[in-house]
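Both of the next two complexes hold subunit A, though its partner changes from subunit B to subunit C.
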Partner chain A sequence: MADLTTNVAGIRSPNPFWLASAPPTNSGYQVQRAFEAGWGGAVWKTMGDPILNVSSRFSAVSFGGNQVAGFNNIELISDRPLEVNLREIEETKRLYPEHAIIGSLMVEPDRDKWHEIVKRVEAAGVDGLELNFGCPHGMAERGMGSASGQVPELVRQQTAWVKEVARTPVIVKLTPNITDITFTAKAAVEGGADAVSMINTINSLSGVDLDSWNTIPNVDGKGAHGGYCGPAVKPIALNMVGECARTPGIDVPISGMGGVSSWQEAAEFMLMGASNVQVCTAAMHHGFRIVEDMIDGLSNYMDEKGLASLDQLIGQTVPKYSDWGDLDLTYRVAAKINNDVCINCNKCYIACEDTSHQCIDMLKDEDGNDILRVREDDCVGCNLCSIVCPVDGAIDMVEVARKVGDEPMTWNERQQLMANAGSNQ
Partner chain B sequence: MSNHRSDAWISTEQLQENFAEVNSPLSTTHAVKESNRCLFCYDAPCIQACPTGIDIPSFIKKIASGNLKGSAVTIMDANPVGASCARVCPTEELCEGACVLNGESEPIMIGDLQRYATDWAIRNEQVLFEAGPSTSKHIAIVGSGPAGLAAARELARFGHQVTIFEADDEPGGLNRYGIVSFRLPVDIVKWEIDQIVNMGVTIRTNTAVGKDISPEELREQFDSIIIAVGMGSVPELHMEGEDASGVYDAVDFVRSTKDGTFSRNLAGKRVAVIGAGNTAVDAATCSTRLGAEHVSIVYRRTKNEMTAYPFEFEFAKQDGIAFQWLTSPVKIEKNDHGEVSGLECVQMELGEADQDGRQRPVPIQNSNFMMDVDVVIRAIGQERLQDTIAMFGLEHTDGVVTVDASYAASEPNHFAVGDVVFGSGQGEAMVVSAAEQGKQAAYTIHQQLSAGTQAAG
Partner chain C sequence: MKEHDHFLIEKDQIDELLNDGFSIGGVSENLEGTFVRFQKEAETFTLHLESPDARKYFAFLLKQRAASASSESLS
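This part shows the complex of A and B:
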């Protein structure tokens, strides 16, 4: 069996699955249940000055029969007294010494306040700290969370203040509500961060009730934007992890999150450069027990791939992630429809005909059966038909020969060539 | 009336095709769609409804996540014959019957998903379990049906040395020789047995306890004995003409379609099957597949009282089997060659309820009539292995061995599981219950043996 032990900037855990700072990690009772279920670590619900929460708080976007395709919340940080959280952290750490407990922190951008909370939380025995510069609602209106996290200088400054006193590794949790996350990631590293984590939630409004015209969710008829997470945000999070992993100057471990629902997304995040993953929505949807398949599935996957430990997985796809300008312009794939598997729903046909390149023909074979065939020369290899196809194995995207006379060439190489040609004239 | 259709013929290829598995497997697309439809209930009723307590939501979630090995392990961990059960369990009565989606939409296809995951393991030659560190405890199991095999697998996981004694040529009990191959192909049973043999369990086939080895020898050589011998042949009808050629025992008859011989050629024949349980349906559907021209199930009560499941009834109807309700055989007619040439029956009606609450069928006077048949198959239950039970000196009621909640029998260190403890009036015996009992006996034995070791050490 593969070794799943994890090390994120010196924070060790028996497996890479941590609960993200959120309702699942609100109390000692919950975190202990989570460790019992198999979670490797938990980032405690963000601690700071006491706040007041509203009712209601959550809403979900259901799509295609899936109850929770995306999840939205207007909850703030922990509403429990700091002393209570610290006492429970201490107790949980004593009961589960092998599991990682990370204290998530958020205070005003004030050096003394940061110093004080870091010292108090570390005294409770946490294995590391996570600075919450990501919460997009409520706290942001008070100059905290993503209001800090959107200003690289504030990220650098506050991280540096924390590092002045912290004795455990410091993770800086970044907000996705920003044009280019690598700017704030770099600022965190400059401030001395030992790791970065991403993503916190994305500004969102789940919906509008078409009878009452209230927002969803609403508090006595009034709404405010919330933060979006769950399966729907995975591609956004995965890109942000990939961008940070490949950008020079962000050479610290990444704790990845945003839409991790099973071992498969976890493996994807790790291939894209994350040292581990954090999970919130999937646990809120199904309970702590989902970690069992996350561990089992990842372990079976690694055995199948012949990988002994996570470092053989982490970051393997990063070198394959680059800029559009570095992609080969003359490389070609084309769709191939396997008519023996095809169920003739014709979804590929209409998708290509109406919205792509009109290269699928509806024909009859010798026996008069309906078949679909791709005109390979006209196919641009966009993947659309294979995406809309509901049947496994009915459409393959296969590599085809370059067009006659074509050599491999990227856009950047082409520009270079043209520039050279211009200067030679 | 005679065997006037005896010149009809059916080819081996046709027979093989007729006896190939009927239900097709789920495609990957279907399996993934179906598994994503599962609500992943907490404290799910389907788990409670499975006699072996498979964590069904978990194995289905693993199909959805593409963790097929994990899925197969979850199934086989709880049920050592989980690949067979995926095919033969009456799921409407068990897991699928308990699914919360009944009435909402359609219940999840738990049996088919279970088959999907275990098929994957079989196809990919997965080894799912290992024997535990070896203890010096020896356990004998008599009978290698699902009950004996399940006990053996669990005992081997604890590291005990297990020897199974099996009278038959090949192990597997009724899974191997009883349940029809078009529902349970022999390869599936063999895979489950291989998994167990690979864990170091010894199976001594062609070794009948009481003939090739005595109970005393077992008692001397083993720390505990599990009796998992199942049941015996189908009892006689006790009527005139029963000695005619063309009168078969349903269990033997089905067996002839599973031992590779297809020794009973029914091409063009007319068949009457007597009884309306699982075995009757199996014998009837085997008859059609052996080329019979017409097959009737003859039952003295009505459709409401038959013990075959609704899905079996549907299956039989689709096979073109005719049902003769409220009909009881009285005499088998023979021709000059001593062959069956007809079945005399009497019409019945339902009278007063008897002890088990079922209305007793009573003959209607002067209603006798002849059925034109050349084969009669009796499928009226199975006899109890009284001799075997007596040989071990076990207490029993009418051949049903008496056991306590941990499956301990009256003799010390003797346990009994499976059909040998299956009481009458409980509907139909099931593979899945036999397997669970085997597991439970194994846990009791392990506890006893470990306690003994600790006391000694």
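This part shows the complex of A and C:
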């Protein structure tokens, strides 16, 4: 059986599944229930000056019958006194010494304030710290959270202040509300971060009620932007993890999160370079016990792949992640419709004819039955037909054999050859 | 015209010029596509390539030419 123990910058946990800093980690009662269910670690809900919350805090986006495709919240950090949180951290650590507890912190960009909270939280026995430079709502209006996280110099400086006194590993949690997350990740590393985590939530508004014209959610008729998470944000998070993993200078472990709902997403994040994953929305949707399937699924997958430990999984896809200019322009796939499986719904034909490259013909076979056939030479391999097809196995995207003139060549190589050939002018 | 047919026409034009002894003398690109200047001694001919596959194909020829020049310089 594969070894799922995890080490993120020196923070050890029995498995790679941590609860993210969020409502599920608001109290000792919850974190202890989570550890009992099997979670390897928990990032305690962000501590700082206790805040005041509003009522009507969460909303979700459902899509195509799937509940909670995305999740939006306007809840702020912990509203409980620091001392209460620390007492419960101490108790939880005593009861579950093998599980990781990471204290999430957020204070104003002030050196003394950072020093004070770091010392007090570490004294409670946490295994590490996570600096919340990511929350996009409420706290950002006060210069904290993503307001700090969007300014590389503030990330670097505050991380450095924390490192002046921290004795446990420091994880810097980054905001996705920025053009290029590698800038702030580098700033965190320059400040001395032992690891980075991503992504925090994305600025969002779930919707507008078409009867009342109120925003969703709203507080007595008035709304404010929230933070978006859940399955819908996974592709954004996965790219950000991959970009950081492949960028020189960001040579620290990454704790990945953003739409992790099952062992499969966890494995994807780890393949893209995450040392472990954090989960929130899936736990809020289905409860703490989802971790059982996550552990079983990941363990079975690793056994099937013949992997003994997570080190053999982490980062394996990173070398395959590149710039567009380094992709082969002449590699081709084309659609192949399997008419014995096809139900003739014609969704592929309509998609191709209306919105892609018009390379599917509606024909009759020798018995007069309707069939669809792809003109391979005109197919550009966009995949759209196979994406919209409702029947598994009805459309395969198959590799097209190279012909003379199809030798591998990237855009960057082509531009270099053009430059060498000289201009017409 | 189907994209592939368009490509085949432009590929034939390129191959014909090369078979006639022309070589690629220069290339430029703008909003209208790729303009490849073929030359044979004092004679020049500019071919306007519009199809994406032809604009890949002529680059393959440049690559082939660069590879052959490189092997000649080594021998």
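We adopt the following convention: the second predicted complex is superposed on the first by the 419 of 425 C-alpha atoms of A that agree within 3 Å, B and C clash if a C-alpha of one lies under 4 Å from a C-alpha of the other, contacts with A are read in each partner's own complex, and residues count from 1 in each chain.
Throughout what follows, a residue touches a chain if its C-beta (ideal position, glycine included) is under 8 Å from a C-beta of that chain, and two chains touch if they have at least 3 such contacts.
On a predicted model such as this, the values are computed, not experimentally measured, just so you know.
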item: Superposition on subunit A - do subunit B and subunit C clash or fit; value: fit
item: Superposition-derived angle with apex at the Cα centre of subunit A and sides reaching subunit B and subunit C, degrees in steps of 10; value: 110
item: Partner chain in contact with A:300 - subunit B first, subunit C second, else both or neither; value: first
item: Partner chain(s) touched by A:263 [first = subunit B, second = subunit C, both, neither]; value: first
item: Subunit B versus subunit C as contact partner of A:287, first or second or both or neither; value: first
item: First (subunit B), second (subunit C), both or neither touched by A:393; value: first
item: Partner chain(s) touched by A:208 [first = subunit B, second = subunit C, both, neither]; value: neither
item: Minimum C-alpha spacing, chains overlaid - subunit B and subunit C, in Å; value: 34
item: Contact residues of subunit A, present in both the subunit B and the subunit C interface; value: none
item: Residues of subunit A that touch subunit C when the two form their complex; value: 329-330, 357, 375, 377-378, 380, 405-407, 409, 413-414, 417-418, 420-425
item: Subunit A partner contacts - residues on subunit C that touch it in the complex; value: 2-4, 11, 24-29, 35-37, 46, 56-57, 59-63, 66
item: Residue numbers on subunit A that touch subunit B, as the complex places them; value: 65-66, 262-264, 286-287, 289-290, 292-293, 296-297, 300-301, 304, 390-393
item: Residue ranges of subunit B in contact with subunit A within the complex; value: 27-29, 32, 36-37, 40, 42, 58, 61-62, 64-67, 69-70, 73
